[in-house]
Amino acid sequence: MKNLQNKVAELFENGTINLMIGFKNSINKLPVPCFIEKAEQIEQLIFTPECKGNLAVYLHKPEVKQAKKVGILANVATLRSIVQLTSENQLGDIEKTIITINAQNEILVFDKMEDVEAYVQANFPTYTDEDKKLLEQLSNMTREERWQFWTEQFSACVKCYACRAVCPMCYCPQCTVECNQPQWIKVSSETTGNLEWHTMRAMHLAGRCINCGECGRICPVGIPVHLLTAKMNQDIEAEFGSKTGFSCQSGYALNTFKPEDKEQFIK
Amino acid sequence: MEIKNIKSTNIPAFFDQLIQSGKVVIAPVLKKSGKVFFESVKSYSQVATDYIQTGFSAKSVVFPKVEELFSFVKNEDDIEITNNLQNIPETIVWGLRPCDASAFDYLVEFFLRENPDTYFAARKEKTTLIAVSCAKADDACFCTSVGLNPGSTAGSDILLTLMGEDVYVEVNTEKGKAAVETSAALFTPSEEKSKEEYLAKLTAKFSIDEIKERIKNAYESAEWKHESMGCFGCGACAFACPTCTCFNIEDEGTQNSGKRLRCWDACGFGQFTKHASGHNPRTNQTERRRQRLMHKFKYSVENLGIVSCVGCGRCIRVCPAHLNIFENILSVTK
Amino acid sequence: MEQKNQYIPYKMRIANITEEAPLVQTYRLEFIDEKDAAQFSFRTGQFAEYGIFGEGESTFCIASPDTREGYIECTFRSTGRVTKALANCELNDIIGLRGPFGNSFPIEQWYGKNIIFVTGGIALPPLRSVIDTLLDQREKFGEITIYYGARTVNDLVYKAELEEWKNRADVNLFVTVDPGGETPEWDGLVGFVPTVLEQNPPKSDNAVAIVAGPPILIKMGMPILSKNGFADSDIYTTLENRMKCGVGKCGHCTVGKTYICKDGPVFTYEEVLKMPKEY
């Protein structure tokens, strides 16, 4: 960690960054997000394979944007989020210094988004074994069985919106649920309304979610929310051939029209 | 207060007798996700015992996540309003931790001391709280920092402490007595014993009296921004917390028929204080996070004389960014 | 003991509708159940939650004086979901009312004193309740002076009442519109309310001032009053915040430890200065 910390100290000293978003050790042996603004805070910085959180979400925060020159410790998920966000014309208002540590334990500091893109494409992740198993189970279910599965899961949802809060792709300044004229999505937590919320969110994320799995990991009631968008992304990749978080130019499958698209209605 | 003893092998029988008595019994249940939540159960075999703390508190028994205030129907020239307060069942909550039971004391003061809340009162009256002492704690627990301890009887009708083959039973109220009566034969009288060796050891992170003093000047602390940087503004901490009581009132249905509901709300949400005009007194997440901590350690003390944080640690465990309330408090009161 | 369920509204019938200004209306409401009417009473300064079943509730002051029985009035601007639904109501429609909530102006402490009102735009309704309450017992008070302004002539609320007050010998009325807001027929003052206040300063001897209005009016008006000798404890205001329950439970309206709904909405400026600056 010393090498990483020294590198970060250097970036502060030469004025490349005003704020470093990274990880630190916390209680219960958890790596948690940390925000470094002063030299004496650098010694808590760590970056290990256990640092699974997706820090890209913080790049939308007003307090982070205020710092202008922001460094970020990025695992592959975070890198892919940054690539996807770039392809959606986000993040143009901060000067990013993106740092990762590769499998050979080398510290890489990315200068250009092209380099991030290349790295991501060379290290494109697959699903974890557990998720692969669950996705296969879902695929093998009948429509009724899937409905039953998700209805049962979402009956436990309390509408805390932690899934939305932690998602780097949920950056709308006003979320649909915050509109009350009309009240598109019910405020109260009950199964049908919860299903509406999650279905709507999955539709907004289809073709944009990079499957970091954070939403499912942090759900306080243990709903595997990430599987909903993972399933949608599998379908979108099959139908449109596009991978999310892969290229800074790709835009997003559901609002991109190509002459070779199958649908006839627009022709 | 009465002190009794029951063999630990007789606990399932006592539990099942409570079920037989016709009451709704809510107890901790291990879910597929690996987390433990309070749910209605039908037998002791469903009850989880090897865990530190449940994901959410038991407050939903007296303050449900959705409460129907009333339903209404428009007919001709009138509107008929109905509410269901008569249909609340007798309920036993089993397996609360002492921190959770103490939280009920706070809820009682908050909801009933001034402008008594009809719905809370109706539910609390029908609720019996059977708490279980903590033999283990994790790093997120900090009850001893806020003046409580893993064997506190505050707020519970009965407190059970496992002591090897026996269970030490502190019967604190008439409701507790009535619960014990359902299986009177299983209990024997006991002399007072020390629980010390059977309880988790938890070193206090701070002195609550010192924090209560220092927090008087904490509003302007420069540390709030840094301590709140991780906060996303979701409602997970407030919903998991046993003493958070903020709610929204929402109408559902149409103007012809529908319901008025009371739903959990959270001061962390961006819209919480936003006026219809668009003006928002708490414009950023730093101010919103400050509100939550100031409320727990200062405003509830000023209004009710109670620190409303019970050190259960749930907010730390459920937070997507794992923000740590006691670290934050120490930092802003430096 | 059966305690009152504070979430069940009274049923009220809309007995009269007055269009005050663009998007601003006054509703006169009467209790449908006579028993409710008989036991309902309020003090000037208190507010209520006005509800459209199926849409929700909105918080406004009670704009009529507490000296009159049998009805209450509210004045509101159509802003969000509930006020828009309210504005769509017609005569005889039923709406819900919960209240009265909050504290009230300490009228009894003001007997024999001179009373100054400084307000603007849609902030006149809460003070209109006080003004009419005082005028209904005029002999108990000294001089009554009102400074009121709006952006344009059309935006002035209670136009008929303003005429009445103008024609009373026992009321000093300064009505103004913002520069550019006057019409050719306008014969009142032109200028922002703080400017008019500064140019016609009230005397502070044996006087209290009640100020209500948008933040800019408070920010500019308070120093003028202080300069003219008003102590912070002699200046009163009525605050607003997002409210839902009205009884100090839902948590939306808090400023520090203070609940604007149950500890207010009436505060002295001295009390306001002690609160954290988040309102």
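The letters A, B and C name the chains in turn, as written, and every chain counts its residues from 1.
Note that a residue touches a chain if its C-beta (ideal position, glycine included) is under 8 Å from a C-beta of that chain, and two chains touch if they have at least 3 such contacts.
The structure presented is a predicted model; accordingly, all values stated were derived computationally and were not measured.
Chemist: Weigh A-C against B-C on C-beta contact pairs and write down the one with more.
Modeler: B-C
Chemist: By mean C-alpha coordinates, which chain is most distant from subunit C?
Modeler: Farthest chain from subunit C, going by C-alpha centroids: A.
Chemist: What is the distance, in whole Å, between the centres of subunit A and subunit B, each centre taken as the mean of its C-alpha atoms?
Modeler: 32
Chemist: CA centre of subunit A versus CA centre of subunit C: separation in Å?
Modeler: Each chain reduced to its C-alpha mean, subunit A and subunit C end up 48 Å apart.
Chemist: CA centre of subunit B versus CA centre of subunit C: separation in Å?
Modeler: Result: the chain centres lie 39 Å from each other.
Chemist: Could you say which residues in subunit A touch two or more other chains, in rising order?
Modeler: Residues 183 of subunit A touch two or more partner chains.
Chemist: Where does subunit C touch two or more other chains at once, residue-wise?
Modeler: 80
Chemist: Going by the contact rule already set, what residues in subunit B reach two or more other chains?
Modeler: Where subunit B meets two or more other chains at a single residue, that happens at 248, 250, 252.
Chemist: Flag every residue of subunit A that touches subunit B in the complex, lowest number first.
Modeler: 26-28, 30, 32-35, 37, 53, 57-58, 61-64, 156, 158-162, 164-166, 178, 183, 186-190, 214, 218, 220-224
Chemist: Touching subunit C in the complex: which residues of subunit B?
Modeler: Residue list for subunit B touching subunit C: 69-70, 72, 74, 77-79, 81, 83, 85, 110-111, 114-119, 121, 219, 245-258, 260, 262, 265, 267, 272-277, 281-282, 287, 291, 294-295, 298-299, 302-303.
Chemist: For a test of understanding, state which residues of subunit C touch subunit B in their complex under the given definition.
Modeler: Contacts found on subunit C: 3-9, 11, 32, 51-58, 79-80, 83, 85, 94, 96, 240-242, 244-245, 247-252, 254-257, 262, 276, 278-279.
Chemist: In the complex, go through subunit B and note every residue touching subunit A.
Modeler: Within the complex, subunit B touches subunit A at residues 31-35, 37, 55-56, 65-66, 138-140, 225-226, 229-230, 232-236, 238-240, 248, 250, 252, 261, 263-264, 266, 269-271, 284-286, 316-318, 320-322, 324.
Chemist: Would you tell me which residues of subunit A are touching subunit C in their complex?
Modeler: Residues of subunit A touching subunit C: 180-181, 183.
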